[in-house]
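Structures for review follow.
Look at the two complexes coming up: chain A is in both, with chain B in one and chain C in the other.
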Partner chain A sequence: MSSREADATTGAARDADLADAGGTTDTVRRPRAAASGTLRLLGNELATLFTRWRTWAMLGALALIPILIGIAIRIAGGSSAGRGPAFLDQITGNGLFVGIAAMTVAIPLFLPLTIGVTAGDAIAGEASHGTLRYLLIAPAGRIRLLVVKYLAAAAFCLAGTLTVVVLGTLVGWLLFPIGPVTLLSGDEIPVGEGLLRFLAVAAYVAVSLLGLSAIGLFLSTLTTVPIGAMAATSILAVVSQIVGAIPQLEALHPWLFTDRWLDFADLLRSPPVWDSFAANALLQGAYVLVFGTLAITRFVTRDVLS
Partner chain B sequence: MSPRTDGRLRSRALLWIPAVAVPAAIAAAVIVPMQASAAVDLPDKTVAELLEFASTSDVEAFSGTIEQTSELGIPDLAGLTGAMGGAGSGSADAGARGDDAAQPADLDDLISLATGSHTANVYVDGSLARLQVLDQLAERNVYVDGEAAEGWFVDSETKTATHVVLPEGTDPEQLGAEAEAHADVSAEEARARIEAETGAPLPTPEELLDRALASLDETTEVTVGTDARVAGREVYELVLEPRTDDTLVGSLRFAVDGENGMPLAASISARGADEPAFRVAFSEVSFEAPDTSVFEFAPSADFTVTEREIPIPTEQELAEWRAGLEAKAGGAHSGEQGVPSPIVHGDGWATVVELPLPSVDAEMLDSLTRAVDGARVLETSLLTVLITDDGRVLAGAVPVERLVEVAAAGAADTGR
Partner chain C sequence: MSGRAGTVVDDAVADDAADLAIRTRGLTKRFRSQVAVDGLDLAVPRGAVYGFLGPNGSGKTTTIRMLLGLVRATAGEAEVLGSPMPRAIDAVLPRVGALVEGPAFSPYLTGAQNLRRFDAADRHSIGSTRDTRVAEALERVGLSHAAAKKAHAYSLGMKQRLGLANALLMPRDLLVLDEPTNGLDPQGTREVRALIRSFAADGTTVFVSSHLLAEVEQLCTHVGVMSAGRLVAQGTLEELRRSGGRARVRVRTPDAPAARRVLAGLGIEVESGSAASDLEVVVGTLPDDEEAPEAIVAALVAERVRVRGFAVERASLEQRFVELTGEGFDVVA
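On to the complex of A and B.
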């Protein structure tokens, strides 16, 4: 896997940075600059995340979903109502729906996978590269490091969902006629309002993934093998969706972090149902609180040997 | 919070406290309000007072969210309707099929609406009403405009919008007046009949209600239950319990708003069950007039629009229909008409209805039912259906044993 090689290179580069004390981007990580605040630490973390090849490879994979959907439907023709994933049949009539159809496809597996990689790698990745103890030598504090790592993962959630929706909309714009957006309720809204709703959908899905990010971060503090934390996070997302599909376990459903993932469609109704946005945020908030606390507890009490 | 070298063990133990405390705090935050809402005390009302209070409710406008849950114990019908010759809405020929195929699709919709769990928003403002069924990634809508005498049924999955209108030239107000006139005539008739029967002048509405309650009381125990809370509103609870043990129905419960008398919840429980088998209840309700924009609907160009006129029966047709009904009621047991009429066994809650067997897909029947002595039976928590091998269908809200008994008695009667 090329992304792993890219990791190794990044890790090596950072080690070199730390060793020669004359790096350009990683200066904050040395004791001298560590006091300059969480914001600089966050800025640095984001820079590290979004200069990684792996991050761009994952965003590229997400971008492929709307591109493939757009090209496939352009070549093979549209599907009839009620067949295939939701919104797929609307694409030929209105290209703007490529982004939403791609989102429906990406939510169950692709997005959780990328989140699993990002969040699962957060601490375990540093540990496996042997860079974690250098990070902690700085008086930045373990909790602050966790918070920064989590915020970076959250930023990736937003980047991922925006990639799918924005790129999908652009692809649809290029390949298909566009027009007023048909809502689930059966009436139309102008293109501008429709685009705003699509952005709201991206925000909704990004919020939906915050709980999974917190779980990934916690798992990441448990191990020094990043691939383990990544796999465990992704598997948990799938398991949660399977449990959500079994009617006999209905009592558990409201407690699953995946329970409201597909309710983003509530924003495409007339009038938009914002209740589910709030309920989803509350659910994800509870997961962030519980697994954030667990992660802090684990990380603060852990012996960092690598 | 950097690691310390002294007192490390103690601080480690202390640090685990939040990991326990946070989930505990969340659980408390969820459970405590549930407990607090239990204490509701409205001024006491008798059953008659409560019924009158509910019937005089004058709520004109409201909006809210309705949750429907049903645990009828029916086998999964979604797969069943799909097996019935592609009547499901997702079939490939959905666009091509004609109007005559619309019936099974409607049945499909009805079954799925009645059985699953659903959330719907409801908006009512005077003669305007809208029901919005929120499905996952889909939506169904019913718009009714009483003044313009039109309505829409919209289904996002099939992308269809059906525009229902009264025939042109019909004046809805005149219709309303006619209906009222009819009601008046019926009321006059009823009044005359009651006066003739009892030899006394017409009783007041309260007396009528008392009488109705008394006759209901023979079969059913009607009580006012404990006050509760539905959708954050304080409600009275009206409980109907069958007096007989021969039925599967345990109780019917209705929640009536303590302030304005609007029904906010209804549920049916099977005998001995803790959870209702079927429940419809508001989870949120507001008695302010909803924004007028929620009633506006203009179908998108993507939707297939069907126009459908509802024929309004003329007076003559109505009279014929009524005469037909009466004739049927008179000759129900003769069974000489072309249309088979049901035979009714027993009364009250233990009523069993018997029908000749319509043509059914045998394979489908076998997958749904289980065999009993000389028949096949379909059991749900509230309703039992028995299909005898000699071609009769018996149904009722009763245990299987009673159906078998009735079926055996019926067979003996006809000398089989």
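On to the complex of A and C.
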């Protein structure tokens, strides 16, 4: 009995300590959760993502596309108009188009593959390492963790598309003559404005990938095997594009998240057609909403057994 | 059996539930057809070092996962530090340090980076003191020199230490440690034991699951024993030992007849003597309301019995454990 009384008094003493906010507690723990905490977690997540060897390997693979295109055309000469990927024939005339041509090549498979890896790994990867349980008992908060993971995946989308466009433009600059940019409508704009348009293209494609990222995040909450979620995400991107290429399924096309993936060309008209940017953002937003909700619904009730 | 555990618990709980760091009622987890945890009524007093024992697959880790809000209970309720789990998860878990089913880290980050990551995940932690706290926690588990090493290059024991460091990143009111000495070398084991003692001395409640009964015996004030998903005994270490039958007393003396008389006078059931010899051993079984050993010796000496050897023996924790959970080696699944 006496030992239990002693316990009770220590308990009371501790509570009193906590109540008058002893100095030590104050420096390590804030009484109320602050929004800055979420920003720091996001910062930490981004730092973690971008210190990973794998992330740089994927960005390196994306960078190889414009490099290969640039070198190949430099050595073998330009292709005639209408053959090969769009914009390829423009490169010999204006090196700045290497980035845009590389983007056209990267969109159908390479970019979705890297997004599949990043988004599919988001939760499943933590689960497979067992770190998910330690993040959750930290406690990270399940919804907060999902949001941070999604924002990191979105940051990777932007990093990926910027890699292709920026590196492509640089490669073109080095290997080919450059000059005012001839738009699809035939008008010419100065180099500076052309570069801005190219950055807008990178942003457009990054936005295009947000829907796929949300799908990947959702799939990632379903399994503790990251490779499964990665493969499923990438395969869905391919399937969606195949459906998009079948005319008989035209009724479905406006609903496909890949439907406007190649419409970035509208940004290269004069004046730029922002309608497709808005329509694409809306489409992707709908996917983010649906799959984000699914991911949250699934994740907040899931038993973490890994 | 569970009836006996029940009385011990109810007595302890009845007066003040606020004294409990962990309390569950009818906590149950079913995996498809299998019941992994079945109607658990845990009562862990604040400030206790509570040993959570049970054979493999008896439901210890599953219970811990429910307490920490990782797994949803099928039925029943749990309170941790006075608040319901998992409803109050954001308020409770910053005050709880835990090691669940072994440590786990991102292999591509260093030890220190891993700790910083877990600390950043807690939205109540303060960033400006993070690096100092991480360094201190690493120091405390003897990993300062390996702080910059990638986690995949850590040995089993180093990972275990890093996992403990993660539990110690902040002052905690409750530590939940699932087999904390698993994989540690003797020095590490001693160190962990010393750590747990120092936390207990500070008033931190420690809930520790273990298979190492000797360790539990040295460390714990309270014990709960699981068997096939059920809590088959719970109480203080002393209560658990005592519940395993009465203690026996052995007296070595040349004055056997006098000793027998004295012991019988104290209500001890003396076993009929074996062959008389110069150094006879008198054996008796103590009654339930037993005398303190020193009182028995005093009574013997007062009657001029020459006591040359004296011992009060109880069932060891291991014997009790086997009695409670069964002899069989096969995992009950």
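One rule holds in what follows: the second predicted complex is superposed on the first by the 270 of 306 C-alpha atoms of A that agree within 3 Å, B and C clash if a C-alpha of one lies under 4 Å from a C-alpha of the other, contacts with A are read in each partner's own complex, and residues count from 1 in each chain.
Please note the rule applied: contacts are C-beta pairs under 8 Å (C-beta built on N, C-alpha and C of every residue); 3 or more make two chains touch, one makes a residue touch a chain.
Everything numeric in this text was worked out from a predicted model, so none of it was measured.
Contact with chain B, but none with chain C, is seen for A:185 once the two complexes are overlaid on the shared chain. By the touch criterion defined above, A:223 lies against neither chain B nor chain C after alignment on the C-alpha atoms of chain A. Touch criterion met: A:301 reaches chain B and chain C at once. Of the two partner chains, chain C is the only one touched by A:37; chain B is not. By the touch criterion defined above, A:51 lies against chain C but remains apart from chain B after alignment on the C-alpha atoms of chain A.
Within the superposed three-chain model, A:141 lies in touch with chain B and with chain C [touch as defined at top]. In the superposition on chain A, A:290 makes contact with chain B only, not with chain C. On chain A, the patch touched by chain B and the patch touched by chain C overlap at residues 136, 139, 141, 301.
The residues of chain C lying in touch with chain A in their complex are 12, 16, 19, 45-48, 65, 68-72, 89-90, 93-94, 96, 98, 100-102, 104-109, 113-114, 116-127, 129, 133, 166, 170-171, 173, 203, 221.
By the touch criterion stated above, chain A contacts chain C in their complex at residues 3-4, 6-8, 10-11, 13-14, 24-25, 27-34, 36-38, 40-41, 43-44, 48, 51-53, 129-131, 133-141, 144-145, 301, 303-305.
Of all residues in chain A, those touching chain B in their complex are 80-83, 86-87, 89-90, 93-94, 104, 136, 139, 141-143, 179-180, 182-188, 262-263, 265-266, 269-271, 273, 275, 286, 289-290, 293-294, 296-297, 300-301. Interface residues of chain B, counted against chain A in their complex, comprise 1-3, 12, 15-16, 18-19, 22-23, 26, 65, 89-90, 92, 94-95, 121, 132, 134, 136-139, 141, 152, 154, 156-159, 161, 291, 293-294, 296-303.
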